[in-house]
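Multiple structures follow.
Shared between the two complexes below is subunit A, which pairs with subunit B and subunit C, respectively.
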Partner chain A sequence: MKEIITIISLPVFAGLLLFFLPEKFRTFKGILAIMVVAVSGYLTIVIYSSANHFCSLNELSSGQSGLNTGFGLIHDMGRYITFNCDNLSKLIVVSVSIFSFLILLYSLVYSKDGRVRNYYTYFLITLGCSYGAILSDNLLLFITFWGILGITLYKLIQSYDEESSATAKKTLILIGASDSIMIIGIAILWKITGSLSMGGISVHTSNILSVVAFLALLTGSFTKAGAFPMHTWVPDYAQYAPASSTAYLPASLDKLLGIYFLARITTGMFILNEWLTLLLLSLGVISIITAVLMALVQHNYKRLLGFHAVSQVGYMILGFGLGSMIGVAAGLFHMINNALYKSGLFLSAGSVEYRTKKQDIDDLGGLSKVMPLTFLATLIFAMSISGIPPFNGFASKWMIYQGIIDFGKGTMIANKLWVVWLGLAVLGSALTLASFVKLIGGIFLGRQRKEFEGLREVPFLMWLPMILLAACCIFLGVFATDYIVPKLFMPVSGAFQFQGLWNSSFVSLLVLISIILGILLYLAFSLKRFRTEDSFIGGEKIHDQTGYSTTEFYKTLGEFRMFSWFFRKAGEGSFDIYDQTKKYVLRLSHQLSEAHNGVLPAYIIWVFAGLIIMLLIMI
Partner chain B sequence: MNQLVPLFVVIPLAGAFLIMILGRFFSELNKYLASAILLILAVFSIYSLVTTGENPALYKTGGWEPVNKIPIGIYMVMDGFTVIVLCIINIVGFLSVFYSISYIKRYTAENYYYSLFCLMVAGMNGVVLSGDLFNIFVFLEISVISAYALVAFGVEKNELEASFKYQVLGGIASFLILFGIGFIYWKTKTLNIADIRHVFSTGYNRTYYLFVEILILTGFGLKAAIIPFHAWLPDAHSSAPSPISAMLSGVLIKAAGIYVIIRLFFNMFIITENMAVLITTLGTLSMVIGVFLAIGQWDIKRLLAYHSISQMGYVVMSAGIGMILISRGIKPEIASLAVAGGIFHLVNHAVFKGLLFLNAGAIEYTIGTRDLREMGGLAKSMPATHATSFVASMSISGIPPFNGFFSKLIIIIAAVLAKFYLLAALAVIVSIITLASFLKFQRYAFFNNSDNNKNLNIKEVPFPMIFSMVVLSILCVFLSLLAIPAVRDVFLTPAINILTDTLKYSTSILGK
Partner chain C sequence: MAINVFYFLVFPGLLFTAIAGAFLSWFDRKITARVQFRKGPPVFQPFYDFFKLLLVKETILPKYGSPVIFLLAPVFAVFGAVMAGVFILLPLLNITTGFRGDLIVIFYLLTIPSFSYIIGALASGNPLAAVGGSREMKLIMSYELTFLLVIAGIIMKCGQHFDLSSIIQVQQAGSPFIGSISGVLLFIVAIFCIQAKLALVPFDMPEAEAEITEGIFIEYSGAAYALIKLAKYIMFFILPAFLVALFMNGFRIEGTGILWAVLKIFAVVLIMTLIRNTNPRVKIKQAIRFFAIWMNLVAIVAIIIIAFGY
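Our next item is the complex of A and B:
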């Protein structure tokens, strides 16, 4: 219990303290922050190694009976302040610690220029509140912590120009809206079950009320994680916020929290009916496909990554929609994997931006020579996210595919459609690969531009987190079936058997052997005398001034009739729930203001009309 | 018999005249005298809040004792609900008047300003404390007439027009209220609220009193700016000097409108379900229409003014839900929860809306405009205003950990538990649009185009203004503690009990 209170309050109070230190001591603030993160990270490991337990604030007061006067107040709150350390929450808190530590290391250099004021304050408050949201068992306590994360998300974007301030506004409106909707879900749950404990309730979604409660809570989870149709803040945020903020919140912590809560509601708090399963699976594949299509045509690499952040969530939703043990384990596994490579990708995007000050793929090229470590890390992340063995993305996607095939044995409508889910998930993976070929090719490969010749690799503190994340990607992929899944995810989901013949370590060994063989062949036959040619661009000659852009190759996609309609509508914001709602609200607002014309007799008429109508109705 | 009770009226009333007389001779005295008066009142109100528990304190003016247990003198009553509103009036009043020390320098005739301010506070304290209907009316007139004058204080075209509209509609309201009081007096032969309740419980002619109830509701609804009686509010609240807007929006519509409606409908009239449904409907209408009107505004103070309508809608709606449950006689604990949410929101609204108007005043003070489109990038040059207004904006939008979140949470939960799902959904939607419009305020005032050359040499406002804003923003954070059950028991529960246990007010005052 004491550890839980400490890991929540220590970062929050440290953050508040840093708020009152002047911005001049930014470096000092950063060092203090990293110490706080390290201490709370250590405590989360202590929590991880302890046994599963429920606890409430009352335990503190019962331990010290001598001081009971002061604890009378606490005792009353004990009903609301309850925590639940089970396998799921323990897994997530440790992951949160790891990601925050690595990203904070990166930020020490990256946000030295102080473009976000009080960066470390909001960073630490986010950390404390994330721990709080994950560990709390009481729904009211949970929604309080959960809501504070919206503010810090809003504050971690610099918003000094028009676009970023608009993005900050949109982000907090969507997040705040979903939080408010969740309150309804919580209230209905309270009404149905009479309890606010997440661990203690299990509701059949058989009547309309429980379905509404489920959908309300699902909205919160989807908005936080960034899934269709509540995803529209993620690409904008990715584009305009500093890369470290994006890596921290939308790419890792918000995903962990959103999917954590999805896991809670789909596996514990609600028992899904057939239609809700169908809904979840459909939203999952829609997220995968639409977001990846949008990613394919982006020029801004940060925005491209933002769309992938949406697309990957679709896989996790698929996993939880299946509801089977392998599905849940796969969803969680994919969540951790996605956080690893997605925050890694944003960090490398930040590194590229840090050195080149450019955000458009068209303006970049050939950076692999000057930034080899960044290139290597990005390549590993890109292969992971595209699902290439033996990296981690493949392992979790493979499990999701297995889960879907297994799911096909059932008899409900959703089960019958298993081919659709499987086909679209695999297609999404292929399209992901296609868009990462663009990213890698456009930024790191190709001819090096003149202006980038003098560039150097990013500082140590920036490349170290990326390399560590990349190492994790490999590690989780290689040992997936032997160690990672049985040790980390089976305790949460329950034990299951893998289907099909696939052992990640064995496959990795084969990959390794083939690479070594290749190298041996290369050395043995001394194949050094290969040709080097410029890139082939349709037979045109390349001069010094000739520029070709990798993104051009993807333009054809927009010319298919079906896709061109989709991209046009998406460009107009027709799929953006925020833009659409805004339009209607403002129209209604305008109509109502027209009535307020400032003419006094009209106002007097309203008063008497109101009075007379009331009298007519009532008497 | 509590000797402190009349001081809430006597001190500011005497102060108002003292300021006029002494201000002739000492030109700097007025602001300090006014601040001192309000500070004393604020301290008194906090003291009363801590000391008044479940039992109402009674002050019989002139020492007239009841004859045969029928009260014949004027009673001043201070119970749990009264002290909460007293605290709002005097604390927000003190901070506004302290803020005015710097702000009001731009106007002439400061003596009139401070004197009218004290008069308004005296009126509001009187309305809240008064235990009989006619005195409520008298004090109401004192406070609103000073408000008419204060709204017109700038004596420009807009201010005069707003004040004129306010006077006309306020006059109609006063007429309706007096009419209603007359009807009640005709039948019951008494004006003491507790005694009227006692007479009502012996025999209640529904149709007759329904008419009276609607008259009273319309009259006080006009003062509280419930839709469709709201039309004066956006003009009046946006034209007044900012500290006065803070008082009008943060306090006056509550003390003179919402407080009286809640007090009379819970503790005087016998609650009928029809009337309860009507009140809930009006509250919901205000809540929804107010916010839609607000989001389209570009004038900060008009935006804030429309939000006052919408937020008061929350209070009226949740009080209405409580009334419906009481009239049906079911689920008393949920009725208490709904009323608790309403009162909690009432307190919160006073704090954050007062703060927001002070912020708007600070912005107007430095850059001289109220139009959001002409602002931008103030976050760097006005850090204190930015931070406090952010706290207030988050509070009113219901984002944790600020106070507005908890009161809205309680209201929504109460609505769901009472099976008013539609109302809960509307409350959520309104909350979302509120958030959107305050993020619009934040964005256009403080961020957006920060490289605007106009705004480079802007300085933060003077100390008194910062002080008031900072204190209110700290209150925004600490009032969330009222959500904790143990704290709620001390401060809110007496107020809730006296309202939900509808007979308690009359029995404890009459002693029968």
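Our next item is the complex of A and C:
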């Protein structure tokens, strides 16, 4: 299997090569990058169509003596470089290729202004390392690739002012800290099992050591995917990074990787006990609800989308927390769906920003006439994420819900609480709908502003990826029950029967029939009698200020004591693990700095006190 | 395939639900008139209303809005209502076919009309419509969880089955769910939920004629408004039918069973009409509190009672 080595090393080396080309040839670098992505994308399809296998470096490099001696320098290296190509990793690898290709296509135009230096370099290194992290079986190899991804994530955000550099720093610290926690988890795992192979480990979480190992690895997965309580970098990143970077990492690749690792640890490496299941499900619904509540009150549309990137992860965690076959399949399906519509939404956000240079919903309105394709794509993404049938978001949520209802048959505490999981998941979906009504209404619908009259649709290379992603959303939704789930997800999770009844493709046909009938009805009965008029608002004249901004929609919620408390605390950063930790670390360092008072006798006392303590310990 | 399209368009889909809903809407208006000591409209008044809008009236499009979305939103609303209606009525009328949907599907399809109204309202660019849209959305946010808890209670009552036909079978084999304490509590909650879903008084703030002049529908006229009327008629029939299926052991389509079926629907509609005629419109904040605290509390109490087997 030479392809594995190729798809990992080709993008990384191409990226390094591009690093040495001057920024002047940015378009050329972009074209080169897209060729690399296309080639590695093709190779991932080759891998997808090949049989499952497990391979180590020795098999991979056999026949290539140069490679062999190169690796032979480090003793016993072949033992650490092992790859696992099973249904799960094959599925994720192909998805990574698709998203990278589409987002890179978009970036060709979007990042023309060169806001991020060496964008393509970091893009390609990210791609290679993602392939590596997904395919590697050895945990040390995995964490190496995983760690590099944190650095490229940091480099893909541009630092132009204080806030964006603070965000970049926050991202790096949170990701870096979680990586180090993961290393502790891997060490404990090695201590328990004596093995570092992901495929070969199966640990019962019955003693404290294994639970700690699980939680440490879970921290890494949650930080990458952006789930509560490690999510706080995602909204900040979404707000300050360029939209294509956000669409690439937090919206699609980091979700794929984080959830991939969650799938590995919950379904293979660990056997969860009752309390860990309860913990996972609780964290899932907390992610859903808190993030979506925050999204409701945002004014910056990129930040709003960032909170949804957190909220949707909750559904996937629910799926994996259930642990049943349908739960795992639903979690994976939701992961792919989420990556589709969320990266699409960030791309549309980028398009809106590209044309209008505005980031606030309050400053926008009525763009649907001037940017019809962006609007169409965004509407489809918004309906998918809010779970409107027959789009893909509904299909995966429907699977998660039936997983929960089925889960309710069990006897454990987590099973008994199925109504809580179901109720909060459905409430989260209603709140998602609410915040997307605000987004769609505020940006695209409503009264068209005078200043936007001369705008044009974004260039072809920018709208094409959005339309393709939207088409994927429809496709995955329409063929969900007959084709997509049995063909793509059942090989990973194992075959199961749907408990519920939903005939996605036929209902979609009926949607089509209804829309055609509706158009015919309009044409037949009232084509001649259409007249356009300005709005009627009770006889008042419409002025520029007349209007009801969609950002004011949910202000009523803030009047309730519970919500106002929540929003105030969230504004202060009380739920932000980074801010809280920062507060305590700074306080501690402040206390330690008290000792540095510059008085010589005090220092001498410290030195002697230290010596005495050391002596006491040694004796 | 063809038979399913027939189910969708004719019976028990579009045509049937529209006609039944139109008659129910006449019933509602007649009762309202009697409560107010008026004579009330003739039986075919809803049909006159509909066809006048469709055939006679001109359609006015918003000048500064998005006309395409404005016109397509009512179509999607009708689709959602009819689709939910088909999935509710097929098991209710005991028609066995492979084309079915479970409770979650029905639950989500029933949200489509409200969602379409909001999108249509926002597309019109009218500030009053935006006020209405905002209220409708807040109303959805408040009753959605409550309605789900009702459905979850029913699912618990029949042993984690969540397709409508097995719920009806469980009731017909045993006793109707409304015959138990938990059933009565859930039924009360459900009535208020569908009152809010249909935007009837006391939860008609999205439309509030007197203050925001029909709110979400302010810009609609002609054929587009006819479609909205159609969606409203259909919803007016299928939601009571849904409650009959969930609580009152459905229909038996034979002999006197048909009479009973009609009477059950009329009973539910009568309750809704009486509530709407004897209550004032509440403010949106009061509605949120009503659902988020009181109705959820009742539903949770009912679910706890169910967990103990009553």
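Assume the second predicted complex is superposed on the first by the 577 of 619 C-alpha atoms of A that agree within 3 Å, B and C clash if a C-alpha of one lies under 4 Å from a C-alpha of the other, contacts with A are read in each partner's own complex, and residues count from 1 in each chain.
The rule is simple: contacts are C-beta pairs under 8 Å (C-beta built on N, C-alpha and C of every residue); 3 or more make two chains touch, one makes a residue touch a chain.
Since the structure is predicted, the reported quantities are computational estimates derived from the model, not experimental observations.
*Asks:* Would you mind checking whether subunit B and subunit C clash or fit side by side on subunit A after the superposition?
*Replies:* They fit side by side.
*Asks:* Contacts for A:494 in the overlay, against subunit B (first) and subunit C (second): which applies, first, second, both or neither?
*Replies:* Touch partners of A:494: none, neither subunit B nor subunit C.
*Asks:* Is A:162 touching the first partner subunit B, the second partner subunit C, both, or neither of them?
*Replies:* A:162: touches subunit B, not subunit C.
*Asks:* Per the contact definition in the header, classify A:607: touching subunit B only (first), subunit C only (second), both, or neither.
*Replies:* First partner only, subunit B.
*Asks:* Once the shared chain is lined up, is A:434 touching subunit B (first), subunit C (second), both, or neither of them?
*Replies:* Touch partner of A:434: subunit C, not subunit B.
*Asks:* In the overlay, answer first, second, both or neither for which of subunit B and subunit C A:586 touches.
*Replies:* First partner only.
*Asks:* Determine, for the superposed model, which of the two partners subunit B and subunit C contacts more residues of subunit A.
*Replies:* C
*Asks:* Quick one: smallest Cα-Cα gap between subunit B and subunit C in the superposed arrangement, Å?
*Replies:* 40
*Asks:* Across the complex, what residues on subunit A touch subunit B?
*Replies:* Of all residues in subunit A, those touching subunit B are 72-73, 76-77, 79-80, 140, 143-145, 147-148, 150-151, 159-162, 165-166, 168-169, 172-173, 176-177, 179-181, 183-184, 186-188, 190-191, 582, 585-586, 588-590, 592-593, 596, 598, 600, 602-604, 606-607, 609-611, 614-615, 617-619.
*Asks:* Could you list, by residue number, the parts of subunit B that touch subunit A in their complex?
*Replies:* For subunit B paired with subunit A, touching residues are 164-165, 168-169, 172, 176, 207, 210-211, 214-215, 217-218, 222, 228-229, 231-232, 234-235, 274-275, 278, 289, 292-297, 377, 379, 394, 397-401, 405, 408-409, 412-413, 415-417, 419, 424-425, 428, 431-433, 435-436, 439-440, 442-443, 447-451, 484-487.
*Asks:* What residues on subunit A touch subunit C, complex-wise?
*Replies:* Touching subunit C: residues 366, 368-369, 375, 379, 386-389, 394, 398, 401-402, 405-406, 408-409, 416, 419, 422-423, 426-427, 430-431, 433-434, 437, 440-441, 444-448, 499-503, 506-507, 510-511, 513-515, 517-519, 521-522, 525-526, 529-538, 542, 546-548, 550, 552-554, 556-557, 559-560 of subunit A.
*Asks:* In the complex, go through subunit C and note every residue touching subunit A.
*Replies:* 1, 4-5, 8, 54-55, 57-67, 69, 71-72, 74-76, 78-79, 82-83, 98-102, 104-105, 107-109, 111-112, 115, 118-119, 122-131, 133-134, 137-138, 140-141, 144-145, 148-149, 152, 155-156, 160, 162-163, 213, 218-219, 222-224, 227, 284-285, 288-289, 303, 307
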